[in-house]
């Protein structure tokens, strides 16, 4: 197998040929049948042995990566299970090194033994993962492999250690210091822009015209990129420059709305933040993204006075529905009376179609729901003391405060269903960020504006 | 201390201000006196606690990095010793996790415990090192820090674990898959070219004219770069395109020599490979560099038939001198006789000034020294079975073979002193590389040409 | 007026302010009423006098350009008429220089006088046009100004000399040697790609998906750009890599068609060439574009054997309709009989809706129309001896030959209406191009394939 | 000759082959003997006839350009003389068009005739010059051709019309709106920096260290580039950021001087402006360069308060020497007496070696020479009313004022010889530039500071 791997690598470097596309001994059957597993083991062993030298070992690994890409889903799963179960840590070796550590004569020897124990705790499969970096798009290859592992992990718990090894590798490679913040505009490559359309997770992009509107002169879009995945945003944020706190997402996204005069804009609204790589789940960049973008916008627009979000409240309806099963815990006596007098039931109401178009209902519900939303965001905590709402938890951890509760701010079907149309502005008050963050981390206390405070009493 | 770190980070990102340059509380006295150590500890703790959030923790670390750069040598040493001795692993925590591992009920639990044990074996100082990546030139900062650690490690063995942690981090970040191969030419920035002059370790570059000659149209120079150290070559190689195997370094570097007609060139000579970053010692790129460059040259020059080095033999004179203390082990009877008849003594001869300019001596010595050189390169082994000569070991590991021994190939003072003027061509025969490398790795057997073989008999 | 022009220019250079956007004395009323003409004259005079120096004169001209852009259509027309009628040549000065030329004593003096006469024949408005190049997008400004002049020239013949002056300037600035050939791909900026959609003149691009299909891996698109209009293609060509001569545009543009295996492609089909700048009418780049692209494709795809177009025949139906008014001149006796026997009339037939879907008709018409098409392309000439069909004239001038007549190659409404669904392949046979071009230029003789020759007999 | 020119062009575009380097029929003997002139004429005719199409004509011209480059000096001169004398205007054609113009019935016809007359006054050789733009470095080719024409024009007046045609072409192509202002730094390509060393015309750059010092963090260097000569600066300026008006060039260029703290710098000193292309003589960019750089520096350094030069006074000694032949016209009675009492003669003194090192002499001469320098700069005029000193004329035309006369500001051999060590600061007072320029253009009046005014009385 070692034969000619290096010459293949030369072809790879020169872009002449691509491993695995040729009809040769490198290929496996798509579903990777049992009969081919010995060959796969032999191949993995050869990568790890590196008998023909490190360059050849990497060539072998790259070819193996191409072979993996040619497998179908069943085949990939078998490939990963083999890697997870047969290329793990060697317990006897670990035991031996534990003994060395325990018996170390002095602190220097102990340090030394700890280093070695640390080393043997890194399983061989980790090294094989690293070798895949020889692939022209090796980083993306590994990120996508982790996305698959995360999908399959539930049904195949034996994959978890492999997934964890890969996560550890990606954490090191995706250190925030390596990421590049770049503006995305209508002048960006179409091949990149179509990825925004695909990855936007908060307010779906409807068309190229919708996208162009989001990249207009009164908008900004920024993303983090990794130097070895230049065509793939990791996370991106969409910002609108407006006058005053924006309180309606439909207004913000209206393609027919006039351009904001940038001389008059005093507020930057972060209205959408989307992670683009499933394979980087649990490796967080959002906090850095927001603050780097704030710094950039401050420099470009000297008259900006506020940096805030217009955020969804994804858990609100679920929480309301649960609470309303037991309404006395949620409603004030006066509210209960009001509803009762009107012969209405809040739980039913929210299920009613198009309630938001009935002016009387709207007038009745607004104060009530605003109050409950404030309570949900500021007071409702998980067991660990953090906010129940995941978006709230994210921004509060980052040091933002709950600034303004917005009634009927998202009238889309999804908005009504998820949060009864409510949205919220989190404010990044620059000189309070660290203190807010520290307070929230230590005690779960959520900073909020006086206005929101009034809703809480 | 946490106050306003984030606003400083904004300034850093915007290039407005630079931490530590201002005359403020961030600064330490250059020699870092004992009285300031508590403040340093507090600062390091704050970085690791990250109470104001991850963004602030990185800001603190960046500021700490600037403070480090402002220290003098004594101060830096004290800083690193503090980091090495007080931010290491916690033995009690390790012990607890060892127990968990040993008592794991099933393999899944054992895997889990191993992951955790692996995690606690990573000392806190490693995390602090990672945080320095927030510095604008954080990677270079850490590479240079390791260079200092390597210098000080001998006299301060307590620094070794820190140096090892840093090495592990750099190995991950400098994975060969991340490095970019770039051609360096006379069109490269002067700021980069002056680094070639500084870093060239084999045949010193005498002047800008010498450099320009080495970048002329019949020469090539390539280097590996890391995406986060774009102005710093990691390793570079100088190549001459010639006709036939070059056998004299002075001829190659002669600024007055005519340009090689590239249509006639059949051989690429790698005549100098220099590592440029002391802080990356022990992390090897040379093997990859040579082979990537071979692949590039093959593509650019279709008629190249040979890829070879013109290499120094740094250990030859030392080995000769040692051996000649006991000449019968080195000289054949015929040679001994010849010398005796001429009233000469080889050991004395080589000490003689300008012996290489005496035609009679030269005629006498050539066959004798060529034979000894071949023996030195091919037969002399270290305890581990590898070639004694470090350059020979490097090329033989890479799969090259000893092709041609060159008499009076380096007539410079250094060349005469180091290797009696001898140089050697290692040949990278593309279809033999992997086999040669495997053979050398397994048995220490050094591939060589028939011509060199004759010298051995 | 001269006051502070230079400080405005500094702002312009620094991107701080934009002339004419401020509510100041620079502005004119949109329709440029008579009362403001004296101020406009004064301003133009100041540009040409350049009393405050050349830098200030350019600043004035840039400001004038912004003022022009703020005018409405009526205002612009008045602006250009003023420029055309009041800033022309001075006949008395010309007369004086003619006299100098006629009375020149020797050849040297005559040359000198000719230079001066040449100089005074350049009207002042030409210089003013040149000064507009100070505008950040000055070249595009002038190209668009010429587009307007061309629109208005018919109704306002007094604009023609100005239009001609501008054309002369643009010919010099758009010398083919300055243009940059660039590939356009799906990785190009969306802002550029939307211009392809807007400018495509042959086969309209229906959507972003249609566009993406035209930029897929078996397609190529190239355009010429001017270094000072980097966001504006001047002319672009769309190429499909196929196997065999493509004979149906609908097949080529089918978004569902499988990708061509590039290893099998032997032919490059140029299926659309569009000029993108109306203001460059009469300044031709198409000939160069095709040949530069041929050279590029040859280098990229070594196995390409043919370079051909799939071209529309825009004048065919008009010519047929005219000719069929007098059918005996067009139809052969046998054909006439055939039609008569079938009770059909060709002129009526072609007006019939969806005739192309009637198999019997199609069988009847194919040989007849193919023959007439060949005759139209090869034999029908204008007064100057060139082909009547403008597309034929373009490719024949370039040295291509009429290679293949394609029946029902464009079944679109436009294709049926314009050319009864016929299309033609012009072949660029590389070793015949110059000879074909010379022959066509000198005698109007159109090169054609043997197959087309058979249709002519 | 037409055969295969296009296929050669393809090679040119693809960078495969270079015309004229092959040993083929394209070549001429280096000195271009008479016997080869018919072939040259035939070739030029073919370029102008363009029978094989425009693309081929350009290919022919490119090949002709390579043939020209292979000629020696004598051959080039013969080539250019042929072009100048045989490809000029046709007097009979001109005469005919003059008649048309004179007999034009109405203004429209007259305009038309003028256009045509203008057209026929453009000689065929102009078109041939344009075709050379097909060469890969066609613009540089033509610039260098003009440099040669300027050299030879004096001895060969028949070349003048050709030189003028070329100048006209270059004026159009080098319109200031096309030039790109770029900063040159130590990060610029060495290949570019060595051109600064070669082209610096005011204060020669002694070494790469000297150059590096001039590009240090308290210095700036800017140049204009043409988009088609990206490796060739057209003109460049060197700027020092200092505190106060610099009054000694040796201090400015001292490599050992400490770096200026940029926070303290209040003045930008333009201490050297050099034209880099002899072939662009008479096409002026300096005025624009200074003002564009002022605008850039203003933006980068908000606290700069002054933009001034430190300029040589190249004509001072010549004027002094001439004047001192008749000293009473130059010296005041008091000065004459002083000198007479000291037994000294100014004219002799200035010839004396190292007078500037004699403190007594220096004290005696300083007031006297400063006064004369002020008079020379402000009062001495040419016939056309402009300043005698060419550097003074340049800056005064640009709107600068004579700000400060500096005694012993240039102690170099050249400085003493050329201007008795005197230098002058011209101040670009931004709000006076236009007025100064206009005043100087109209009346020759030179703006100056009050201090200089005192020296004049």
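All chains are identified by letter, namely A, B, C and D, in their written order; residue positions are counted from 1 within each chain.
Keep this in mind: contacts are C-beta pairs under 8 Å (C-beta built on N, C-alpha and C of every residue); 3 or more make two chains touch, one makes a residue touch a chain.
Note that the structure is a prediction, hence the values are computed from the model and not measured.
Asks: Going by residue numbers, if over half of the contact pairs line up, that's a repeat, so tell me which of A-C, C-D or B-D repeats A-B.
Replies: Equivalent contacts to A-B are found in C-D.
Asks: If every chain is reduced to the average of its C-alpha atoms, which one ends up farthest from chain B?
Replies: The chain farthest from chain B, judged by C-alpha centres, is C.
Asks: Taking the mean of the CA coordinates per chain, how far is chain B from chain D in Å?
Replies: 49
Asks: As a quick test, compute the distance in whole Å between the mean CA positions of chain B and chain C.
Replies: Taking the average C-alpha coordinate of chain B and of chain C, the gap between them is 59 Å.
Asks: With chain centres taken as the means of their Cα atoms, state the distance from chain C to chain D in Å.
Replies: Centre-to-centre distance between chain C and chain D: 39 Å.
Asks: Which positions in chain C touch two or more other chains at once?
Replies: Not one residue of chain C touches more than one other chain, so the list is empty.
Asks: Could you please write down every pair of chains that are in touch?
Replies: So the chains that touch one another pair up as A-B, A-C, B-D, C-D.
Asks: For the complex, which residues does chain C have touching chain A?
Replies: Those residues of chain C that touch chain A are 186-193, 208, 212.
Asks: How about chain A: which of its residues touch chain B in the complex?
Replies: Touch list, chain A to chain B: 2-7, 9-10, 13-14, 51-56, 58, 88-89, 91, 94, 98, 101-102, 108, 110-111, 114-115, 117-118, 121-122, 130, 133-135, 138-139, 157-158, 160-161, 164, 169, 172-173, 175-178, 227-228, 287-288, 291-292, 294-296, 298-299, 397-399, 430-431, 433-435, 437-438, 441-442.
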